[in-house]
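Next come two complexes, and both contain chain A; in the first it sits with chain B, in the second with chain C.
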Partner chain A sequence: MTSFNTATGPGRGTWISVATITLLAIAIAIANLGFPPDSALHVPDYAVALLGKFLCYAMLAVSLNLVWGYCGILSLGHSAFFALGGYAMGMYLMRQIGTRGVYGNPVLPDFMVFLNYKELPWFWYGFDQFWFAALMAMFVPGLLAFVFGWLAFRSRVSGVYLSIITQAMTYALLLAFFRNDMGFGGNNGLTDFKDILGFDIQTRETRAALFATSAIFLCLFLVITALVTRSRFGKLMIATRDAESRTRFLGYRPEKVKLFVWTLSAVMAGIAGALYVPQVGIINPGEFAPANSIEVVIWTAVGGRGTIIGPVIGAFLVNGGKSWFTGLFPEVWLFVLGALFVLTTLFLPKGVIGTLREGWIAKRGIRTSKHLEDGELALPKPQPQAAE
Partner chain B sequence: MSNRVTSSMLYLDNVHVAFDGFKAINGLSMILEPGEMRAIIGPNGAGKTTMMDIITGKTAPDEGDVWFDGKHDLITYDESAIATMGIGRKFQKPTVFESHTLEDNLLLAMSGRRSIKTMLLDPGGKAEAQRMNEIFDTIRLGERRKDFAADLSHGQKQWLEIGMLLAQDPKLLLVDEPVAGMTDAETEETARLLREIARDHTVVVVEHDMDFIRDLDVKVTCLHEGAVLAEGQLDSVSADQRVIDVYLGR
Partner chain C sequence: MTRILALIGLLFALITTPAFADRATLGPIISEFATAKGFKGVEVVIDKLAATGDPEVGNALRALSAGNLRFRRSDGAVFIVTSGQALDPITRETVDVGTDDPEKFKKVRVKNSIRRKISAALSGLTLMSPSIDRRLRAASTIFETADASALEALEVAIKDEQNQDVKAAFEDARASATLASGRDDADKITAVKHIAARGDREALSLLSRFEGQSEGELKSAIANEIAKIESSLAIWANAQNIWYGISLGSVLLLAAIGLAITFGVMGVINMAHGEMVMLGAYTTFAVQEFIRATAPELFGWSLAIALPLAFLVSGTVGLIMERGLIRFLYGRPLETLLATWGVSLILQQTVRSIFGPTNREVGNPDWMSGAFELGQLSITWNRLWIFVFAMAVFAALFFIINRTSFGLDMRAVTQNRRMAGAMGIRTSWVDAMTFALGSGIAGIAGVALSQIGNVSPNLGQSYIIDSFLVVVFGGVGNLWGTLVGAMSLGIINKFLEPYAGAVLGKVIVLIAIILFIQKRPRGLFALKGRAVES
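The block that comes next holds the complex of A and B.
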């Protein structure tokens, strides 16, 4: 047995997940567009919008999982990257409104006219072009993450201290974006969008297309996660998570490993935010709220961090539960969410998917033991434990 | 090579380190020739582990010179740079990557690729598979190569970590208490392993177990209060009255 291969590419589980998401997305899109509202197979528009939103949340959870699940960096500020990506898209959508705004100004968005802006601030230049906005939705979160990570990881800030400063980062952005003179619409944020790429954002077809795009990007993210984590670099990420200082004595620079993953993850979160905004129709500073970032951690923990599909399952389960609960008993939802996190931490530390996978491995282990009893495999000699 | 400062593999001269006034290393000087295996003994607190911390860049000395391979002033480098230069370390408490298989542990230790790009894109080659097999033969853990390191016994983890050292292919190996917590049979096996490694590497072994050191049959340095107390063959060192006093706590 001499063969081993490190860059094995995505495994079977990932391809099954990708295929399932694709099939479900196609089925939902067809059921929404292809069947009349009175048909039993019809999926209502609100459900498409809701699921599209969940897909973006799932993308955000997948991006968090890459840094937390595989590299041990517990970010409590990932919503900041998501919101920045969202703002980039929101700025494009604002510029598309043109003369259809309340004030009819062809260049300035309504809130700028209202706040007596005479001309467009420099940082709004270029956002009338979709490609530029799309680029910025990745570049701005990526740049912020790179600068933040370079400073933090180089100074060997880790663990709870790092979590706290990520939380402070998103809170600082929240306060900054609340200010009217930041030029991003202040408290109200950006809304009243009309078109995206020339298509009316309100139509069912555009919404279905956004939903499908989200599904495609989620699949792409899963494949990226699998490719990165199953490469030799991915093994190093896990080694960094479990024994960071040990990797230094092997000649690695864990701060570089973390910086790469952290920046990649922020770019992914930015894309998720950019797809989220046209589907919900608004972006405001509330998206930077520290509680949002903590919720992402809960989705990931519930689904199973350090597994490829876990965060997707977690995002759908928790957000599904949230939609259902806030409809029935809106006041108890936060308690349920808190209890969910406590119970997951206590009883399902590996999350739903992690626990299922462990159960499967344990079952396989029982089979192995049976083989051992039958004398089919050489039994390793029992060894004494260290007296430490 | 004209730019070499010394011909020795490791050269420590009058090294001092203090932690909050406690002098962990106090005027330590030691020379290790290429290809030599050296055993370091000494009571608890003698500065054995601190010495390794200094050599591997974990702790910076307050004063003194530390030279590696005659040309690298180790004080100016950090852990990763020193490891890449060719100094490998096995820790007192076995530190392997528990959630990885034995194969992956060796793979990560394997010298060569350290840049993010090659680690992301370049799959392992035949040469690495060959070397891995050789290492598994040396450390005798071949049947367990697909198991997780967490499932190994304490002694096996020590061997795996020695295997990781070999995979790193360093010029100098620092081995901290390799037989702590091992059975007699395991200790013997470890001595065999280290003698085999010492054939083509320079090795420093820190150990308390005198039988094990006798087994290794190499030059011994006894440390006490951060400096060298005695140096020579084990029999002459252990006959030294000062060494006896230190060990008996007088």
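The block that comes next holds the complex of A and C.
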């Protein structure tokens, strides 16, 4: 049973979440830049870098939530879109190195000189321009998702079959990007970045700015999720998720709904990847690993799929736990992660936020009926309830 | 002349062993190294030595090739000098020359062409060796070097040879030597035909070498035979690819066949399937360690002992998983996927904590190592056994499902759970046993796969995606589909490899499967009827 209200547009909860994230981000940025390192209010640089990374993970989880939580498509290949966006940004950052590379070649990145490339491959053209790279970080994942989705949804591949072929997709990309001949740096990927938009990528100010940008984009993604899911189209998404055949028989085209959401989600994942790369300073084929994609699923599941803020909470909880555990007891982390998968699916299928919200709705129901019994309150305007 | 006399005198004085006659004839020739003029002169002496046909000259020739043959400046006596000791050039016995002053000895100089000549001469000598093995080796050396100087020796040897294999090898060598010799074209064409009949790569490279040197009729005959060999080699290469493909297919089949039960028959997305394979492999490792420590003579049986144990270990883990986790998630495939992924992480970490994160060495018993030739095919024993084993597992599973009462229950529950329950089948027990069976099969697959790859905690991860693709490609719920799917994926993969490289070939196969699933979402052998929609 999934209940939702008929109000369109982002609800109160979304605005509260957005405001909280914005305020926290501003506070952290100020605490990092505005206070001297010995101040009690100072946030250390590594914490900013770590939280910036988490923000990008949260964006990725939000994008997965859009397809999984609201449209029922369990993608096990979302890190493919994330990594493609990351590679687009990485290519821009590589071109920005210019003559400062080890070999000092003004056009060719170091690894190409090393691999005896004579000229820049055609697909690297244009990446010296930021606007082009930014466009490609959205366009390439979007295009891949569009083609993949167009094929898959049209032939009604769904459920686990779809999950398995999305996994095969990211696995194929993993293998392909490991090859040196692909022209993306092979095993080592792209790294050793110098500056972005003319600013040195290592300075605290640039890092804080990237962190803030990530926070802004995360808020934007939350608003987009709210806008899309609370619209008439969003109801169609949920209808597709809960009863695809019935939706089709009612005259809608579920494959079109899915294709739109799937492509939108891939573009969002691409943006997340593009913001991730300048903050971690490297992108390599390991980002395509199928295991990464499945981890994104667990962030979303822990936080609560089908809720707007849930994936953000999940991404921060799980990744925070990961940082903490791998620092203290590295050998325990996989046990914890594994247990998290098992226990979440068994006991917390709606995730933290979903369970809290359900409890809150149930409590409100009890309160309302109690008021009714006491005869204190008139029956509220009946809210249409949609059933699964 | 005085020198030779002096040398003979010296040798006679030093001789302590019999074989008198040899020394009398060989000694003077060997001592000619001291007077030989330049490389040409050395070659003449080597020819003379070879012409004696006496295996005793081997020591001197080998020392010459290694650059250890020296002669004394004062009297021209020849010695083998190694690590500060002077040895007799024929018997290799230590000779007391009184001094090790390097100035008193001069090295007999050699170069690579002389070394080649020496090795040909040595092989000519070994043609008469009493050991079959050495004769065969000598023949193949002559064949490869195409040494015309060995021709006469070969012709003599062929007449005397009793062993058919050796005789055939001698004839090949003679053909090769004929090509290099100054004989007329008719002889050479016969030789070319003889060599071409071998049809292997050595024959091809030998003929290609002579193609450039020859002309006229001989050249066209050689070109003709080369073309024939190349086309036959191409056919053999295809056969080899098919064999590699079948071999890879059996690996895929082994990895996927347990999944064909748990996923294909029960519809459970078991992401921990790869870890069941890994548990089987580690069981093999543990069994081998135990055998090494307690009863090394049983090592040849270690795999046979590991098989039932691996089945039990993986089957038990599967049973616990089904009872403790999966049964609560029936009908929620996506949740099953996530929960079993969690289990796979826990199993990996458990194994890593117990056995360590590094690769473990699982030994091959004798009967699984080595290779044999079938025509131009090279077939390794372990690949062959894995193929046989995969087929045996497939047949056993097929028998269980179609011919036993448990299989009947299994099929009944799959097709119509409620009706099966109404007929008195304990459906939940059948579920548990089916899952345990699938996991156990994965475990015994692990025993086989431990023989061809690394055994590490990540072993399962490397098979899981392939296994799912095989099952989905072949068609869910159909064992034949899994067999055909595994074999065709294996063969396609191996045929793509030469053109696209191993990695790109695999990428192409993955993309092809993704596209194929769009076309036939239910796989090659789709189930028809009511079962489809469930």
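In this section, the second predicted complex is superposed on the first by the 363 of 388 C-alpha atoms of A that agree within 3 Å, B and C clash if a C-alpha of one lies under 4 Å from a C-alpha of the other, contacts with A are read in each partner's own complex, and residues count from 1 in each chain.
Note that contacts are C-beta pairs under 8 Å (C-beta built on N, C-alpha and C of every residue); 3 or more make two chains touch, one makes a residue touch a chain.
Small disclaimer: the values here were computed from a predicted structure and weren't measured.
Visitor: Tell me which partner A:243 touches in the superposition: chain B (first), chain C (second), both or neither.
Guide: In the superposed model, A:243 contacts chain B only, not chain C.
Visitor: Return first, second, both or neither, reflecting whether A:232 touches chain B, chain C, both chains, or no partner chain.
Guide: Only chain B is touched by A:232; chain C is not.
Visitor: Of the partners chain B and chain C, which touch A:163 in the superposed model: first, second, both, neither?
Guide: second
Visitor: Given the touch rule stated above, what does A:180 touch, chain B (first), chain C (second), both, or neither?
Guide: Neither: A:180 stays clear of chain B and chain C.
Visitor: In the overlay, answer first, second, both or neither for which of chain B and chain C A:129 touches.
Guide: neither
Visitor: Identify the partner contact of A:253: answer first if only chain B is touched, second if only chain C is, both if each is, neither if none is.
Guide: After superposing on A, A:253 lies in contact with chain B but is clear of chain C.
Visitor: Taking the superposition on A as described, I'd like to know which of chain B and chain C A:202 touches: first, second, both or neither.
Guide: neither
Visitor: Contacts for A:20 in the overlay, against chain B (first) and chain C (second): which applies, first, second, both or neither?
Guide: In the superposition, A:20 contacts neither chain B nor chain C.
Visitor: Touch test for A:345: chain B only (first), chain C only (second), both, or neither?
Guide: second
Visitor: Find the residues of chain A that appear in the contact set with chain B and again in the contact set with chain C.
Guide: Shared contact residues on chain A: none.
Visitor: Quick check: in the complex, which residue numbers of chain A touch chain C?
Guide: Going through chain A, the ones touching chain C are 74, 148, 151-152, 154-157, 159-161, 163-165, 167-169, 171-172, 175-176, 178-179, 290-291, 294, 297-298, 301, 331, 334-335, 337-342, 344-346, 349.
Visitor: List the residues on chain B that touch chain A in their complex, please.
Guide: Where chain B meets chain A, its residues are 56, 78-80, 83-84, 88-89, 91, 93, 95, 97-100, 103-104, 107-109, 111, 113-114, 116, 119-124, 129-130, 132-133, 143-145, 153-156, 164, 168, 180-183, 186.
Visitor: Touching chain B in the complex: which residues of chain A?
Guide: Its residues touching chain B are 1-7, 228, 231-233, 235-236, 238-239, 242-243, 245-253, 256-257, 260, 378, 380, 382-388.
Visitor: For chain C, which residues count as touching chain A in their complex?
Guide: Against chain A, the touching part of chain C is residues 269, 271, 325, 328-329, 333-339, 341-346, 348-350, 352-353, 461, 465, 468-469, 472, 501, 503-504, 506-507, 510-511, 513-515, 517-519, 521.
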